[in-house]
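All chains are identified by letter, namely A, B, C and D, in their written order; residue positions are counted from 1 within each chain.
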Amino acid sequence: MIVEINPLGSMDLLSQLEVDKLKQSSTSELYRLYRNCSLAVLNVGSHTDSSAEIYDQFQDFDIDVIRRERGVKIKLINPPSHAFVDGELIVGIKELLFAVLRDILYTGVRLRDLSKIDLQDPSHVTHYVFDIMRNAGAIKTHTDPNMIVCWGGHSIREHEYQYTKDVGYQMGLRGLNVCTGCGPGAMKGPMKGATIGHLKQRVNSARYLGLTEPSIIAAEPPNPIVNELVILPDIEKRLEAFLRVAHGVVIFPGGAGTAEELLYLLGIMLHPANNKQCLPIVLTGPRESANYFEELDNFIRATLGDEAANMYTIIVDDPTKVAQHMKGYMTEVRNNRKQSGDAYHFNWSLKIDPAFQRPFIPNHQNVAELDLHFSHEKSVLAANLRRTFSAIVAGNVKEEGIQEIARHGPFQINGDKKLMLMIDKLLKAFVEQGRMKLPGTKYEPCYQIVQI
Amino acid sequence: MIVEINPLGSMDLLSQLEVDKLKQSSTSELYRLYRNCSLAVLNVGSHTDSSAEIYDQFQDFDIDVIRRERGVKIKLINPPSHAFVDGELIVGIKELLFAVLRDILYTGVRLRDLSKIDLQDPSHVTHYVFDIMRNAGAIKTHTDPNMIVCWGGHSIREHEYQYTKDVGYQMGLRGLNVCTGCGPGAMKGPMKGATIGHLKQRVNSARYLGLTEPSIIAAEPPNPIVNELVILPDIEKRLEAFLRVAHGVVIFPGGAGTAEELLYLLGIMLHPANNKQCLPIVLTGPRESANYFEELDNFIRATLGDEAANMYTIIVDDPTKVAQHMKGYMTEVRNNRKQSGDAYHFNWSLKIDPAFQRPFIPNHQNVAELDLHFSHEKSVLAANLRRTFSAIVAGNVKEEGIQEIARHGPFQINGDKKLMLMIDKLLKAFVEQGRMKLPGTKYEPCYQIVQI
Amino acid sequence: MIVEINPLGSMDLLSQLEVDKLKQSSTSELYRLYRNCSLAVLNVGSHTDSSAEIYDQFQDFDIDVIRRERGVKIKLINPPSHAFVDGELIVGIKELLFAVLRDILYTGVRLRDLSKIDLQDPSHVTHYVFDIMRNAGAIKTHTDPNMIVCWGGHSIREHEYQYTKDVGYQMGLRGLNVCTGCGPGAMKGPMKGATIGHLKQRVNSARYLGLTEPSIIAAEPPNPIVNELVILPDIEKRLEAFLRVAHGVVIFPGGAGTAEELLYLLGIMLHPANNKQCLPIVLTGPRESANYFEELDNFIRATLGDEAANMYTIIVDDPTKVAQHMKGYMTEVRNNRKQSGDAYHFNWSLKIDPAFQRPFIPNHQNVAELDLHFSHEKSVLAANLRRTFSAIVAGNVKEEGIQEIARHGPFQINGDKKLMLMIDKLLKAFVEQGRMKLPGTKYEPCYQIVQI
Amino acid sequence: MIVEINPLGSMDLLSQLEVDKLKQSSTSELYRLYRNCSLAVLNVGSHTDSSAEIYDQFQDFDIDVIRRERGVKIKLINPPSHAFVDGELIVGIKELLFAVLRDILYTGVRLRDLSKIDLQDPSHVTHYVFDIMRNAGAIKTHTDPNMIVCWGGHSIREHEYQYTKDVGYQMGLRGLNVCTGCGPGAMKGPMKGATIGHLKQRVNSARYLGLTEPSIIAAEPPNPIVNELVILPDIEKRLEAFLRVAHGVVIFPGGAGTAEELLYLLGIMLHPANNKQCLPIVLTGPRESANYFEELDNFIRATLGDEAANMYTIIVDDPTKVAQHMKGYMTEVRNNRKQSGDAYHFNWSLKIDPAFQRPFIPNHQNVAELDLHFSHEKSVLAANLRRTFSAIVAGNVKEEGIQEIARHGPFQINGDKKLMLMIDKLLKAFVEQGRMKLPGTKYEPCYQIVQI
């Protein structure tokens, strides 16, 4: 089955030089990246979070970029049939497909080959993130702050999922937009709920912003509700993008990834330079999840202290209150940006320490070398804990991490005994609650806590 | 609690004469109509289909129209709180509120007081229906046929409701619009499902058209998803409006109202003048509803004959097939209209016999006088059967019907013995399946089958 | 040559009843009206102000309304070729053509045949004018006051014409819209100038509103720049429409028509009920026209008194100042409307005495009976003077007036000797300055001043 | 006088890094360029074509870029007062001001500092031109070919100017867009005429595209009608941009610049690789200009041969025919692009030889070394002749050229005696006809023909 897709948006505006670069690379790493990300967005309604399984299932899938009179066309060979309705590609997926082309091309060809960005220089990294977001049209300037980043597990239980929808609905009724990391569970629920709220309020320009990265897009593919998709090159750029566009953060129950996100967020907010930042943070779930947040809260207080814990509000079983809390802060966020002269839709003034900005490669050596001791400053500890959970996410669902584990066995995590016990407890709870992997498979831990 | 609402749409364009007419009438029937319809659309999330109960609950509700520099404002006194989010009226409900004003004003003042329409003349009746629809902006001319009228019960079971959502979703994915009679159940499900389908296909101009009438709007209030609401003066105008805007009809399981609609539709389609009409009709439900349709089909075959039954297709448990069936016919509908020189969005050429057009007042005398015998021509029988079920609907959920029953006891239905048995059987099944009233109340039949 | 034109705007939404009414009337007065108005808007670039000449030249022109699937089509037989570019009707003219259909149909069929309007009742007359304007979509509610009515002669000299363009340009630069009576000269210049001003200010929704009447549209056809055309049934409704939509009035040099307009305006503004009205009035022309305004000013002071003259400001040779004067008043107009609770774009509160509202039929008897004496109240005198000039306009350029003159000779105007001398002087000046008819023809007066 | 201007369009989306680069450079060449180009667009209604005079007159003008919460603001110190209406900057000029910022920033900062473009590589040069045009949003993909490039003198006589307006009007009536080099005369007339044509045809998205370069923008500033302005870095990039976006070329009478443009165009079209190109070329002017074109035609035939001359059509005194000629070709242009698989709005397949693409620095040595002999191939001769006229334009109106002449006297042009005589004759005619400089100054030739 071969399908040719006409371009959408700005993708009909590629220079010959750019198309050539992309085409040349058809045997290259860039091409593989492009093909896999495209496959991921086509593979809608997938019921696995294993990238390998997906790539395996669609080995005969291929994609090609063809030059045409009005720009480029995309040629799909053997695409997943779920992306089509009566032979026509679903328009929302078509948009995502061109978002993939746009971002892979921009970061892979235009920025890499043609620019002199120095990714060791923090101001360059932030510029780089900005440039990708700008190129994606994801920075709007004419609206007031209203973007709520929602984090939470891709594998959650039905009542938790329903709860994320309820929160999304209440936020939609209040005109708030939703940004998530794409994928199922807590990343889909708030968007789905928000659509009905937006509809009732006749919000025409609602934004469902998905921020993803090549290494996770297959495991957590964007739902076609996502009407803006941006692919950042790695988890660190992606996390930076989340925080620079966020006007508020809601955290639902989740597993290692959610822990990583929370640690990243708190670690950065703890930086003295950020003490004037205005960013409401809410941890929330249905009544049944109360324990979950208690446990997480205990972990944060024990590791990063009360100062960190005071940065968030825990709201149990009250979607309306969550939405009101967020909505209530939006004026303050706006005034705060106005006073500091900062952009409304890209938080330039947020200080992100290089410890959080530098990519962490999740291999055995790097994990083993992680320095996990209470003696460190809170923000250093937060950075290292963030890396620890990042490695576990990689080992669970990211292609390279899975291969790494397959080759060398579980990551070895070690450090302060007390800290190890706490991490172990938290992770075990995640496992027991089925948060590490989608149901249907037995979870095989990709880590080992070394308790000396 | 007093709230003032700024006008939307064309409602800021009332002449002083028109506002005066409406205001003068504050003690009048017209005003009562206006107040009650407004209350109905504000009473969203209501869990009763009893108009009386609703009017009772909100006795202190009042509404006033105020002249302002840019047109009129609406003043609400003690409105239902569910219509508000943090003190702000939900925009979708605000739209519905102004749709009520528009239609009550147009039919009650402009058309009645200022016009010379002769409602005994069939061409005038059709012009009248057209004029109301046109004034409501509900006739679009620049789109191809795509309006699917969905009929079915307001009181259906969960799996049936889920099925109507699935059908709506599949229709939305195919760019089809949805028109229903407003209210819960089979009238809400297809719209809700379609929103997600439309969203994925990035359909910006999706239409969720609700056609209602003053006497039923409280029992079956429009969900705020409805983005076009038209209030026709009575059931006969409303049924005519349904058929003139329909490019296809989907019938889900339902009770007396659904039976009325089906009989109306088949009675008209049986008219020889309509044998070139192209209007796909599908009866559909989940697997569990297979029996329901079998029963209904038997009833139709026995009363109106196979000719009538051959006009519809029964599809069990296959939402995709229903949507494909409808979508597949749209080109034919378009060509048919083109050939006959008829409008795409108002089916002028459909012949509606006066027997179906003349209002039927559901009182005891009129019901008793209904001539229900097999000896009649099929279309006459269809007309009388339609009236029979119409009376039952009125007795069940329409304010005046309920009062009539309260005063004089159940309607007496009589005629051919065999026909009576068939009607009885069908109605009993509706009762048993809980289709007559929303669950939670014991159903007290408003009719008696007189079997001599 | 036969051309079929597809409908624009709402004209594809006619009911069968309405089309029938229009078609039935093809031998009727209504049809003649429709044909002639259509011919007038097609006859763009015409260089005569003689209706008769135009109708004569295009005797074989005909027009028909045809029903089609998406509404109606217009069929043109032997239309003037200037309306076409390479065989395609100019879109602006197409719009005007459908505006003609809309208004003739609305006033001729819907309002006349279908409504119960009582044109003897002042509130009904104003409602009637409002209804026509509303039906034409000419009442906008979401913009601040900015509509400047420009009056002045259709036959003016080149430097005067250039001056009207300059004023229009300066008004356009300030975001003001322009409303005129259509036709050439001072009615075209301000619009043409404003287009460039609007363009430089990127005003996308600029309005060039033309208000005309069937009896003058041929002599003063709308330029295709006019993007909103409304045909009022007679001069009195048209003058009322002018004043109800005006937020300011600019009067350029002109002849009898301009004098009629000024007298109408001042006569109404003199009414005590209007002393809180805020309506800036400017009389303006190039340096060479200074005398003209002096003369007019003298006439007004001598007839209606200084009170009337104080209502306007004379600005000579300063387009920027005219525009600044108008722009400067717009906030006050807005506040004034807000305080009085009046609509921004339809001045309901302006009191128009029946003397100005009642149609005046310009025949010999009516003219002879006009009571022109200083002894009257100013407003009565203004009303009668207005009628006098109205008759002269009719005798000059309106079809029926011309026929009247042809049959019975010039109108006989009589009254106070002193007043007669003044009128005579003013009219003679108009004749000498070539303001009565377009150049190229010798002007044959249609009136006689009876000086006893 | 200090004015702060809020950003328009995408200019509120600058990264901190980019603003810093621009601000750092406030004492630099880049800043000087930015200031001067900004001054040029503000200096509307200027009546001189001498850059020096303009810069002299506004020595105290300054401009600054300020960071603000929603992006950047522009601060103007002592701007020319003609750009303002009642203290407000004309919106069209505001747009141009931000176009200047965009292009100076893009070419000066983003492309120069951050990219690895190799301007010696032809494919890179074309990509570079494309990238600037794309960044300016000047490449539309969803419209059919309709962009007519109009070339001609900035100093032309009144009847010639009127003629360019008439041609523009006829093109506007046919929906054609206009692209010129900005400035007065033949570059303003077609745009001004087209506005009225577009207005009558209700063309909402009309394009008035101005392509300019820093060294000429002051002498030939964009009229505020220009609604898309792009500043290319030099004349060669600008000429390439003209041809890549053109679907047709109209050449009006002009001086050295027009000759340069014609020679560039013909030199490129003569390339064998371009023999399948479809690009209608018309030379046109009023009756009085017939001689002008005869002379030019003779020169082309004598230098580049009949083959070159056959590429254009001369139309005298017939604006409608010019517009019809262009309109008539648009379908062919479209088919041609479709067949060759080329973009509709950027002619990738046009072969531009490096001889035409490489920048020519107009100094005395380079001019003296120009090899002007008949012995060369036509395309080489065309390239050298183009450079000759380019140098004269620089000497006439470009800042650097004028300084060069001031320092070293007139350029010395030499070569084949016969060729020299022909050039001399043509240039003398330009001088006599007042085409070299705006009227009011005596023209002092910046060149000398060396006739050995």
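Here is the rule we go by: contacts are C-beta pairs under 8 Å (C-beta built on N, C-alpha and C of every residue); 3 or more make two chains touch, one makes a residue touch a chain.
A quick map from chain label to UniProt name: A, B, C, D = AMP nucleosidase.
Note that the coordinates shown come from a computational prediction; the quantities given were computed from them, not determined experimentally.
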Item to check | Chains touching both chain B and chain C | outcome: none
Checklist outcome for this item: Chain centres from averaged Cα atoms put chain B and chain D apart, in whole Å, by 64
Checklist entry - Cα centroid separation between chain A and chain B, in whole Å? => result 45
Item to check | In chain C, residues with contacts to at least two other chains | outcome: none
Next on the checklist: Which category does the touching pattern between chains fall into here: line, ring, star, complete, or other?
Outcome noted: ring
Checklist entry - For this entry, which pairs of chains touch? => result A-B, A-D, B-C, C-D
Checklist entry - In their complex, what parts of chain D are in touch with chain A? => result 12-13, 15-18, 67-71, 113-117, 123-124, 126-127, 130-131, 134, 139, 141, 337-338, 340-344, 348
Next on the checklist: Please output the residues of chain A touching chain B within their complex, sorted ascending.
Outcome noted: 85-86, 90-93, 95, 173-174, 192, 195-196, 199-202, 204, 224-225, 227, 324, 327
